[in-house]
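Two complexes, one shared chain (chain A), two partners (chain B, chain C).
Let's look at the complex of A and B:
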């Protein structure tokens, strides 16, 4: 326990030290950089040697640091009753799936109150949940779903196809659902029977079921109650396994067992097992873990690898906790604003990637032994992972990176308009997280040791950081240079990848002959016609091999043009008291094993407390 | 007295006007778009949606217009609605949070006083001897250690190691006094340590001066016990500075619990404020900032007025 206290104090000191380094870096003159150059070059050479030892992970293999908890059927005796408290990273903004932003903490609560129409399986496919079936037409512009019968909302209203039609009317007004309606190409929702609903799409979308597995379009709420949004926010009504009891904002949200829930386990026992769950936002990572170690809560939710490291140390030191770890596609790194010199030149982008020792960056981020190195949109565990793309991704190569920079710097036509031989200048910006600052410092040291670049390191709070990249004030071009970012998720690739590489501005869209397609979510402002066509092609077929080939071609093109760079994949975990069971063994109604706890999102309806 | 009161009230109004304007200006000029915070990054699929949300939030108006609109409503007690927790009035948020933060502040002051007065008196009574040195050292340590470090230590000791107290969150008084105390005692103690150090140093120095007064010598000559002299004769005149700083620090504590409330996940004003800042929930930031400023200014004005009432020299000046 003393180690934990020491660890937290050490982190505080580390944060101060990182801050001091940042100040030094920002305030350092070019003379300072010159003085440091020989040492840095030695470090760079050492880093290069280390990098050469790294192998490309093969698809599906367990790479070093990958400690995902295995999803498996439970053999333990399931106990009905009991209650748990879950410590979450953040409070959720609101309780309305169509209106309020919903991230990992939020999903933990929402899945107790709302059932989803579709759910993801162990293998990342989508199967019906509240729907019993869903079938597309030939060109994926129409999807006909049949609802489960006999399901009622918490207020006693029956769930029918008309409920989904009425929900759609509300979703069309909701700030969260609107964007997903547009992204999924959803145009109409019609009740074509008591329990049969037909979704009409404006464009083909073979990945449409993925949208029905997320909050904005997939979580089912009672439209009658939702007519008054504010009242609904105070007393949400779904069909889920738990009924909303109370919410004390920033303190506790309590849900209790839905005695009339439709779901049963494979033995026929009615779900959920637990009587009550209290969700508590505990923003401080250390306190959240301490709360579980002390028995204040039974589960701690985390998206931070430092907390995972501390938890592993506690577990190995004898604490009676279990770590349910999940590391999916979500990957850290950043993007170059390719509309801004010098990042409009591929040589600079590629050079800077080659000058970034990825393993050292991951170490600075605290991810060594936890976080897998990123090479593409997908992690080695993903069925979409491409070994070819991993091999194509530029590895750390100091000399090659420096040579590319020299080529650019000595190019009379260089895009930044500077004189031949003059150093390249750019801004590298990350949110003010101590580990990110330390990681920036790694890249800074190696790149500046070439004596060809001047880097302005900046840190802005999350909202400012996002806004600079979004650039709503300048036609979504943004005012960023090299910008830390996170990419990808564990949904169907199309949901995150397609908008990230669609035309970023109206001018680019018009030039590409697709004036109506503009995506503010293309933060790198990188557009390639082949990538766009491949992304569109991937939602016009449901053949996995065809889709895989298309996404692989995108990954290869990204590796070639490097509009982004990768650090490591995001490690997440639910840290539980040893008595908490069932997080990895929950099943869909078909009996298929579910996806476990992706991004530390638990499925609480099949969780129980061991006796 | 009426003139003093009138002058003070005029100053109060002017100060509040300046505070509200400056805090509105600062929050309005914060980089980061509240509309993006409302939509979430993934929600910004097109410009129209962003513009629509901005219009809905009134963000397209110039800052002076927004300020005048806000002030017009604020004087009637309407501080607007949260951008993020839609439909929740800011005034309601403050109303729900202030009992929590005020309780923490009151408990911190009480704990600080309970520790500080004996330490201060002891230090003065045993001036320059080891009890004085020890109490001074203790106060110095308490003053030097940031309250969140104290908080982390308390969690480690009383929650993780001894398992006596919950590590986080808040049991409201309505759930029972004992349950409430279990969640409030550690954060209040963490907050109290710095206050205790300040108070004990103040009591000590004032008490040393008092103990040199003639009336204390007279009391000693009468043969009264040291304990009686210290507690009955010397403590009260040595507490005037303490009373002043109590008022000021109580106001400061109302706005200064941010770190401790975040550390212990306590749903007070500070916790909400920090969440609102990260979410660019401008109405909440503005409402809470102004509320804290008003409380602070009012408390200081009341202290000034009490001074004037107690001391005729201040009144005349």
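Let's look at the complex of A and C:
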């Protein structure tokens, strides 16, 4: 059992590195104090009242202050030909979907080379892309998909169901795909016809199609070419609308039009429209924006509110640029390591959240008027958003927070073992980004003004930051205290929320009677049996109302136990030259409008340059 | 003795003449300074005064000058008033904020003055380490020579061969505590090799000067020669070099701060002010300009003054 568990942990660890890179970086600030035990009836009543207030957005509707660019059909005349350069936030770690970490910058390139089996629509549902159809059995343990015919890889090999079977063998060895295989419960992939593939799951998963829309399991690569991973990394082969041409690391990745691409637009015009795209990693935000303003690039990619702010100012000042903005579920903030004192005590966690002036934190992040305040895993325009959870989330209350801290500090049984009256000490850590440094000092200022806490503000490089939270050397407990982090995404909630609240260590899993289920992705180390059961329940049904109720119960419990804190939802944008068209109007093969550019991930196959 | 070195009888041992020059006019040296050096000295005086004042303001001066709390976020919750402040981030210069405010509405002037303290301490500690340890080792090996010199200089060369900033980053990363004392100590220790080289070069030259040979010839003990002939003559050059090196150290500290590896937040330093303000360059460039200007002027001033004293210090004399 131990060996099995260790092996499993090792695989999950590898997967974690990928996931962590996706979610790390963070956006939030911090902490602390004060008073008045908040859990009395009066407060509960007030919370209910607040739930009905106007400032609590309705689920699924566009919230006030949201920045999303509206997705709509384009009536402009499509122009075939031309080339663009896209400035990206970061270079890709590698070109292998099963092995290399893939975040927002990476997706921009990957979607040109690889097609996905499924794709998300404007409403966040999943529709077939390279598949023509997919159907589950009654208990969601088997999914049968049919590939579209006549599709060939860039090297001329035909795409068949066997290709997916052979891909699965490679994915099982890939550090990125392994975690998704485990999380999705995927056990087998069989070719049940030339173009028919059957996915067998070890446990029910009604959200399985969501996994087929992401790089790790959903992006289709040529398994023959992938047999030599290093060679494939240098010359990746997919079925996508563009063919890999060259890659000069940290400088430029070039893709050119796939003349044999299977896709056409609604008028029957062969896709893609563009002849060539050059992706250039430009890490500095200002330089990347300036490159687009000066015409060096035609598109700038950003995940930063202050860059959106600066871009808006440039546009309003007459620059000929268009902002394609998006704000989804991804939310900044941080987590408390609930396995270490003083964060094992709910009073401290709640106090620190009550002492965090969220509006000021968002202002420090440069997100005023851009980022929506976070209250839960979902943003107000998500169908999963819960008004009740929003109302239940602790608001800034200095006196209440300070009182809670005093209660803890004066408790002879306080968990940190310090003497009564002694200050609480902890570390608040964020990656060394100026935006985060500013934000963390906002919470610091208020918390330390209670004179009940000593905070050690630290900044470690991103990888160290992740490793401290991971705790590979101490059974995944981690060595973090209060730790900046990013949470959530715009996939099905089960893909990110479920592993984030599964048992974090082998000991906790064993104590809960589920020794085989351990998730290093639970960075806060917070485990609650009810949350876990709700999360499992949510992937055993595809009834939205049932699933919504389960996720709402999770959100409410998180608001009660506060293992995390939130700053603002992450605003992202693709900032383009006015001539770049089609980023919001791309369609799926069915004619349904796609999701636009979530998390600044463009779909370049239907982009064209206005004449 | 005279038989062995008959020429000594006719060679006058150099005697200090500087005292006579100074006695002509106590401040003559200042009058003779080029204007740029005078201005530089003035700026350095301001920086030192500002740094000391900022540090001792409350405890010694009782808040006599209108220097604000460098960490007060004027738009954040104030526990004393129980309300949120009305300040604005990235405000322009005004009567209440002479150099405006930063991204979290803190007074930039106050942060700039407090930031000088970090630069001052780091530069001073580094110079002290360099002059005392590096000077002693360099003078010694230059005078003693032999196997000791070979070994000592090999060690120094190995340390010098390492890119200083990389070594600094590694050391600072290993010591996770970000205290001013630790940062100063690390930079100070890493300064020693450069001072050692300068001291050794001068020591080698001085060891062959007539008055040293004379001292040896008359049987003066080696330790006495080292401390009375070599080191006093190495020192002026070393002190002048310290000024120039201090400029480099200020920049190094700024670099560490910029990378988030210097003193712990929210303590302001010029480097971390630049780092934190670069995000808002397009909105308010002044928040980068002020600390950059302070850093540039200080480095320039240290170089000017250092060069000046280096020129003046090129006098070799004997005290024996």
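Just so it is clear, the second predicted complex is superposed on the first by the 551 of 611 C-alpha atoms of A that agree within 3 Å, B and C clash if a C-alpha of one lies under 4 Å from a C-alpha of the other, contacts with A are read in each partner's own complex, and residues count from 1 in each chain.
Definition applied: a contact is a pair of C-beta atoms (placed from the backbone, for glycine too) under 8 Å apart; a residue touches a chain by one contact, two chains touch by 3 or more.
Since this is a predicted model, take the numbers as computed values, not measurements.
By the touch criterion stated above, A:136 is placed in contact with neither chain B nor chain C. Looking at the shared chain after the overlay, A:445 reaches chain C, while chain B stays out of its contact range. Of the two partners chain B and chain C, more chain A residues are in touch with B. In the superposed model, A:291 lies in contact with chain B only, and not with chain C. Once chain A of one complex is fitted onto chain A of the other, the partner contacts of A:250 are limited to chain B, with no touch recorded for chain C.
Look at A:101: by the touch rule set out above, it reaches chain B but stays clear of chain C. By the touch criterion defined above, A:334 reaches neither chain B nor chain C.
Common to the chain B-facing and chain C-facing surfaces of chain A are residues 286. Across the complex, chain A is touched by residues 30-33, 35-47, 49-50, 53, 84-88, 93, 96, 149, 152-153, 155-156, 159-161, 163, 166-170, 172, 262-267, 271-272, 275, 278-280 of chain B. Listing the residues of chain C that touch chain A in their complex gives 71, 73, 75-79, 82, 84, 89, 103-104, 176, 178, 259-260, 264-266, 272, 275-283. Residue ranges of chain A in contact with chain C, taken from their complex: 285-286, 289, 306, 309-310, 313-314, 357, 360, 363-364, 366, 396, 398, 432, 434-435, 437-438, 440-442, 444-446, 449-450, 456-459.
Note for the complex: chain A touches chain B at residues 1, 4-5, 8-9, 12, 87, 91, 93-94, 99-101, 103, 175-176, 178-179, 182-183, 229-230, 233, 248-252, 280-284, 286-288, 290-291, 293-297, 460-464, 466-468, 470, 472, 476, 499, 518-521.
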